[in-house]
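Look at the two complexes coming up: subunit A is in both, with subunit B in one and subunit C in the other.
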Partner chain A sequence: MLLKHDSRDPALAQRLLLSLVALALAWPIGHIAGVNPAALVEPANLRVVGSFVAGFWPLAHDSFFLGLLGDAVVQTLAIATVGTLLALLIAIPLAVGSTAALSITAIGPAPRSLWRPAFRQALRALTLLLRGVPELVWALLFVRVFGLGPSAAVLALALTYGGMLAKVFSEILDSADRRPARAILTAGGSRFDALMYGLLPVAAAELLSYSVYRWECALRAAVVMGLVGAGGLGQLMDQSMKAFNGGEIASILSAFLLLVLFADMLSGVLRHWMASTRAGGLRAAGGWMLTLSAAFACVLAWRHIGLDLGALLGDRAGSDIARFLREFLPPAHDAALLTKIASGAIETLATSLVGTVLAALIAIALALPAAGRAGKIAKSLTRFLLNLLRAVPELVWATITVLAAGLGPFAGALALALHTGGVLGRLYAEALENAPPAAEASLHASGAPRALAFLYGALPEVAPQWLAYTLYRWEINIRMAAVMGFVGAGGLGQLLYYELSLFRLDNACSVIVAMLILALLVDQASAILRRKMG
Partner chain B sequence: MDLRISDLRVDYGADQPGLAGIDLNIARGEQVAIIGPSGAGKTSLLRCLGTALKPSGGALAIDGAQPWQISRSALRTLRSRIGTVHQAPPLPPRQRVVTATLAGRLGQWPAWKSLLSLLAPQDIVGARAALERVDLQDKLFERCDQLSGGQLQRVGIARVLYQVPALILADEPVSALDPALADHTLAVLCEDARQRGATLIASLHAVELALARFPRIVGVRDGRVAFDKAASAVTEDDLKSLYASERVTPGEPSDTHVMTPRVTATGLPCC
Partner chain C sequence: MLTQFRRHALRGLAAFAFAALALPAFAQMKELKVSAIPDEAPTELQRKFAPLGKYLEKEIGIPVSFVPVTDYAGVVEALAAKRIDMAWLGGFTFVQAKLRTGGTAVPLVQRAEDEKFTSRFITADPAIKSFADLKGKTFAFGSASSTSGHLMPRYFLLQAGLTPEKDFKTVAFSGAHDATVAFVASGRADAGVLNASVWDKLVESGKVDTSKVRVFTTTPAYFDYNWTVRGDLDPAVMKKLRDAFLKLDPANPEHKEIMALQRATRFVPTKPENYHSIEQAAQSAGLLR
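On to the complex of A and B.
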C-alpha cells in the first residue's frame, strides 16, 4: 500500500488541474482580447508603423510648432497645478470630516451621537465614488459639457484626485499621534482647535509631501487627458497623431519625457527638503521663499487656465448641471445595453489579463539583465529601456500600438504590456537584487548550469514578491483597460466613448457604473488570491 | 578525489582574517576533520576547496586539475563532483524538501529533466532514500519554511548524499543538532563517504566529535595549519594552544571581530 504511493507526488494532481484550467482559459481569453501576433508582422501594418517611426527624425522644430509646444507645456503644468489645488479644496474638508482622530465620543463620556458616525461613513462613500471613476472618464464627460480645452481636465483632476487625496489624508490623520489632539479636546477645546493645534502639527509634513507627489502624478494625468481633448500636451499630440506627423509626435514625446523628468526631480527635491530635520534661520527663510514661489506659481497657473468658477457655480450653470444630471440619471438598463456592457466588461477583463501576463513576460526578460546578471553595460541599457517603457503612459502607448496592431482590444493589451512591463521589470529587478544569493550560489558551486541554478535557487526566493507586484499591477490595469477604448482599443471605454458621442448620457452612466463594479470585483479577487498565495 | 594544497592564501583585507598560507595533501577516500577557533579560516579553506572562492595566492589541485585554470565546462563537471554541506543550509523557504534534495543533481541531469523536475519531481524514490538516511522521509513533501533549523541542516546533508559526490566538504554540518543526533548524522556522512571511497573534509566546532569520528585531524589557527596528525596522536596541549584565546591579552585587535558577527561572501552571517 505504502509502496504504491511511494513515488507519487501529492501535489501533482492539483498542479496538473491548475495547468489544465489555465490552458483551457487561455484560449477564450486570448480570443476575446483579440490576440493576434500575426497583425504585428503584417506587411500593411509594418509599413504604417515603419513610415510613422521613420517620420520621427528629424524632430519637428520650426518656430511655429515650437511655439505651440511651449504653450502646451505651460498649459499642462497649469492644469496639473490648478487641478491639484482644487483637489486639495475638495480633499481637506472630506478628510477632516471623515477622520476618526477628532472624534469626541471616542475619548470618553459624551452624549452618543448617531448621525456623526453616519456622516463620516457617507463622506467615505463619497470619497470612494470620486476616486473610483478614473479621471479620464470625468475628463471625457466634462469635454462634452464644457467643450474642448483645459477646464475639463482641471475639473476631472479636481474630482478624482480630490477623492484620492481625501482617502490618503484621512489615513494619515487616523494614523497620526492622537494624544495632542485629545489633550485639547479633553481640555474643552473645539474640534477646530484640536485640528489646528493638535493634529496638523503632527501630520503636516506627511500631508504636504503626499500632495507634492500627487502633483507629479497629476502632470502625467494632464497629458493623458489631453488625448480626449482636454487641453495641454495631450491634445497637441492627438492632433499630430491625426495628422500622422511623426516629427511632431517625436518632439511632443521628448518634451513630455523631459517634463516628467523635471517634475520627478522637483518633487524629489521638495520632499527631501521637507523630510530633512535641519532647523535654523536659513531653513525658515528657505521655507518662506518656497511657499511664496509656490503661491506665485499657483496664481500664475490659475490665471493661465482662466477657469471661471463664478460662471461654473452661477445661476445658469446651476441649471446646466441640473439638466446634465437629469439626462445622466437614472442609469439606463435596457437588455440590449446590458448585453453590450457585459461583453464590454468581459473584453476589458480579458484585455487586462493578457496585458498583465505579457507585461510579466517582458518584465522577467528585462529584469535579469537589469539586475546586473549580464554585465554592467547590459544593466544600464536595460535600466534605460525600462525607464522609457515606464515613463510613457499606457494611453500614449495605445495611440502607437493601435497603428501596429489595428483598432481593438489587442492594441490595448499591448499598450498595457509595454507600460506595465517597464514598471514590473524595475520592481522584479529590485527584488532580485535584494534576495539572499546563498541558495543560487551554492547550486552554482555544485555544478548546476547558470539557468538552472537561477530556477532552483533564486526564483523560489523572489517568486512570492514578483507575484504580489503582478497582482497589484493587475488591479491598476483593469482600470486602465476600461479607459483604453477612448483611443480605439476596445472594451468598456470604447462603449462609453460611443454612447457619449451620441449624447446618450443615461447609457454612459450605466457604463461608468459597470466600470466601478468591475474595478471593485477585481480588487476583491486580487485580495483573495494574495491571501491564498501569502 | 585527492587534493594538493600548497601555500594557499586568501586575503580579505586588513580587518578580516583570511588564509595565510595553507599546505595540505589529502588522499582519495581520506576523512579529515578541520578544527580551530572562530575566525581561524576553516570556512575560507572549505570554500576554496569547493571552488566557490578564488584564492589570492598559492596552488590548489583537485584530482590534478587546477580549478581556476581549466575550461568552463570542465569546471562545471568538477563542481558537480563536489558536494558541500553548509552551516546555514541555503534552501529557499518556499521550496519543497523533495525539490531541494533533487537539486543536488542539477549538475548531472540533462537540462530537460531538471526543468521537468520543477513541475513534477523526477526522482521521488531517490530523494526519499536520501532523506531516509537522515530520518526525514516523512518531510518529503513539506515546504522548507515548515522545518526547524536542525531539520533544514539535515535536508542540506540529504541533498549532498543524493548528489553522490566524490568529494564531500562539510562546514559545521551538525551545528544545529542535539549531541546524539549530531553524532548519528556525522556517522551517516562518514559511512557514506567510506562506502563509496569518497573524500570527506569537515570543519567542526565539537572537538570530541571530531576526535571520535575522524582518523585525521587538522588544527587551523590564524589562517595557518597549526597541527596535522592522526586523531590518536592529538594531545591535550595541542588543543590548548589551538584554542588559547588571544582575547586574554588586552588591546588585541581580534577582540573586535569576535564581537561583531562577520558576514560571509554569500551574505549569510557566520559565527
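On to the complex of A and C.
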C-alpha cells in the first residue's frame, strides 16, 4: 500500500545526495571519536556496568554519609546562589556599558564620538572572553590560585555567568522598547536617568526572569565543578566514583536529582509569577516579601560560603596571582605541544559532532511519543525519561559512560548524547506540538499512510526549527566536549588536565586558547549554517 | 559579615605590620591544617586520618584538621601557597612541592615501606608477558601526578625502550590506583600499572579476580610517600611532629590502630636527598623541566 499511487519522491535526488555526503563525512569523524557501538554490548563491559549499577542498591544512608551529603547539598546551593550574585555584579555594568539602547549618537545628530563605540566594543570583547572559557576551566585555575573548596567554584561561576548574563542582558536591553529612554535622553536627561526610568522599567521582568533561569543552571554547574575539587555535591561524587562505591553514588545522584527538580520548580514558579505581574510591575502584592526572602537566602548563602574577599584580594593573594600569571603567560608554542593540541582539538570537535548527532537521533526517537503520538501513557513515560536524561549533567553522565565504553572520546560523545538527547527531545516535542497540523492532517485524510503523512506533512514544518535547536546545542557541546577530558574522555580536556598536573602552566594556557578558538569557530560555523537554513 | 570582614582586615594589617618590622617571630599557630594526595578515595583518606589526627593533636598541643582534596596538584599548590601546613605526598608530588616552594618544603618522615616502594604492571591478556608485548596495546596509568601509577612506571618503560605515546595504541589516565584495576579487569585497557601496596590490599580483600587479572612484572624499588611540612613552619612544631611520628610503636595498642590504618610497620626519618633519583627520573621522562 505504501507509495502505491505514486512512487516518485520529488525530493529524492537531493535527499539521497545529502545523505551520502553526510555518511562520507560521518565515517572519518566517527573514527576519530573512537565510535565503537560493539563495545557497548560486549559481555565484559556489560558485566562491569551491571555490577556497578547493581551496587547502587541499597542507597548509602548511614548517618555519617548523610551528614556529608546534607552539607554538600547546602554548599552546592550556596555556591550557585553566591556565584550568580557575583555574576550579576559583573554583568550589570558590562551590559549597561555595552548596550546601544543608551547611545546618544544612535538617536540622531550628536557630536561624533570615536571612543564610545570603541569602549562598547571593548566591553563586548571582554564579555566574549569571560563566557568563552568554560566555568570548569576557570574553576580548575582558581582551585590552583585560591586554594581548594567552594571559593574557586563561586569565582568561576561569577566570571563565566557574568559573561553570559552580560551578553543576554545587553541583548534584552537592545531589544527593549527604547522610546521611553530616548524621550528622556532627547529631553536632556542623563544616561543614568534614561537607564533607571526609561529602560529598566520595560526590561526588568525579563532581566529578572533570565537571572532566575541562570541560577538554576548555576546549580548544575556547581555540581560539575565539584568534580575538579571545588566543593559541594560534585566533590563528594568524585570521591565516591573513585572508590567505586555504588550506594553512595546512587544517594548522591538522587539528592542531586531532587535538588534540580526543586530548582526547576522554584524557577518555574518565580518566572511564572513575574510574567503574570509584569503589568503591575514588581511592586505588586508579595513582591516585597519575595524580594526580602530572596535577599535573606542570599545573605545565608554568602555566610555559608564565607567567601573571604579580604583574603582573596589581600597582600598574599596578589603575589600568588602574579606568580601564577608569570608562569601562565605567554602561552607555549613549541611544535610538539602544537601537534598535541591539534590532535586534541580534532578529537574534541569529533566528539562534539558525534555527540550532537547521536543526541538528535535520541531526540527524534523520543520526541514522537513525547508529543503524544503514541498515547497518553507513552507521553508521560517519555517525558519523564527526557527529564531524567537532561537533569544529569554531561560530566556526570561521562563518569558512567567511561565505564560502559572505556576511557576515550567515545565515552564523552555518549555522555553528550544522553544529556543533549534529553534537552533536544523536549524541544523537538514542543516544536512538534506547536506545528500547524493542517498539512499532515490533509495528507492523511487524502489516504497517505501515517508515516508518509508525517514525513511530508509534519517534518517539513518542524525541520528548520529542529535543525536550529540542534546547531545551537552543538555550540554548547563543543564547550562541554572540551572539558570532557577531565574525567578521562580524551581531547583537549585531558591534555589541559595533564599539563596542569605537571605544573606546565604555559602549556595549559595554550590549550585554553585552543579551546576558545575552537568554540568561536564552531559558533561561526553554526551561525552561518543557521542563516543558510533560516 | 561586616565584623568578619573587619577581623580579616585587621588580621591583614597585623600581618603587614609584622612583615614590615621584619620580625623573625613565628605567630602562635592556632591550627595545623593537614591534607593528602587523593591516591585513594578521599572519604577513605579521612577515615584513615581521624585517629592519627587525634594523636598528633595531643602530641603537639594544637588542633589538627584534615582538608579533603580531589586533585594531586591541588595539594602541592596548597602547600606552596601555605593554605595547608602538612601533607601526605608521593615521591613525585614531593619533588613538585620542593620545586614550587623554592626548595623549602621539609620531608619529615616516611613509612619503612616507602624506602623500597614498587609498582606492579597488570594485565588480563594472556598474550602479554613482558614489556615488549605491550606494543600496540591500550595502557592505563593512574593519575598523571602519581609516582607509582605514572612517573616511575613511565621511567622504567622508557628505559626498556618503550615510549608510551608512540608505542601504545592509547594512553589513558584512570585517575586512581583502584580505578586502574577496574579498567584492566574489564578489558577497558589491555594493561595498566599501579602502586604495589594498593594492589596487595585489593588482592587481600578479594576485590580483584586474580584468575583473570595478573601481575606480569614489578618495577625495581624506589623512594615514595612521605609526610612533608612547609618550610616556614615553626621549627618547634616541626620537631614535635617528627617526634610524634617516630614515637609510634606497634606494640602499643593505641598506636596499633593508627599504624594499621596507615599501613605502616614503623615511621622513619627521611630527607630531601632520598628523592633525587625521583627528580632525575621525572626529568628524563620529560615530566619536569
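The rule is short, and it goes like this: the second predicted complex is superposed on the first by the 468 of 534 C-alpha atoms of A that agree within 3 Å, B and C clash if a C-alpha of one lies under 4 Å from a C-alpha of the other, contacts with A are read in each partner's own complex, and residues count from 1 in each chain.
In the analysis below, a residue touches a chain if its C-beta (ideal position, glycine included) is under 8 Å from a C-beta of that chain, and two chains touch if they have at least 3 such contacts.
A quick note: this is a predicted structure, and the numbers were derived from the prediction, not measured.
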| message | After the superposition on A, what does A:189 contact: first (subunit B), second (subunit C), both or neither? | response | neither
First, second, both or neither for A:247, with subunit B first and subunit C second:
neither
Applying the document's definition of touch, where does A:180 land relative to subunit B and subunit C: first, second, both, or neither? neither
With both complexes overlaid on chain A, does A:372 touch subunit B (first), subunit C (second), both or neither? neither
Comparing subunit B and subunit C in the superposed model, the one touching more of subunit A is C
Practice task
Give one of first, second, both or neither to describe whether A:439 is in contact with subunit B, with subunit C, with both, or with none.
Solution key: first
Regarding the shared-chain residue A:457, is it in contact with subunit B (first), subunit C (second), both, or neither? first
Check: subunit A residues flagged as touching subunit B and also subunit C none
Interface with subunit A, subunit B side, in the complex: residues 50-52, 76-84, 86, 88, 90-96, 98-99, 103-104, 106-108, 111, 114-115, 118-121, 124-125, 128, 141, 163, 165, 266-268
Subunit A contacts subunit B in the complex at 6-12, 15, 436-439, 441-449, 451-453, 455-457, 460-461, 463-464
Residue set of subunit A touching subunit C in the complex reads 42, 44-45, 47-48, 68, 143-144, 147-148, 227-229, 235, 238-240, 242-245, 248, 299, 302-303, 306, 308-311, 314-316, 320, 403, 406-408, 488, 494, 497-498, 500-504
The subunit C residues in contact with subunit A across the complex are 1, 4-5, 8-9, 12, 15-16, 19, 38, 40-44, 67-74, 76-78, 81-83, 96, 100, 140, 143-145, 170, 172-176, 178-179, 182-183, 185-189, 287-289
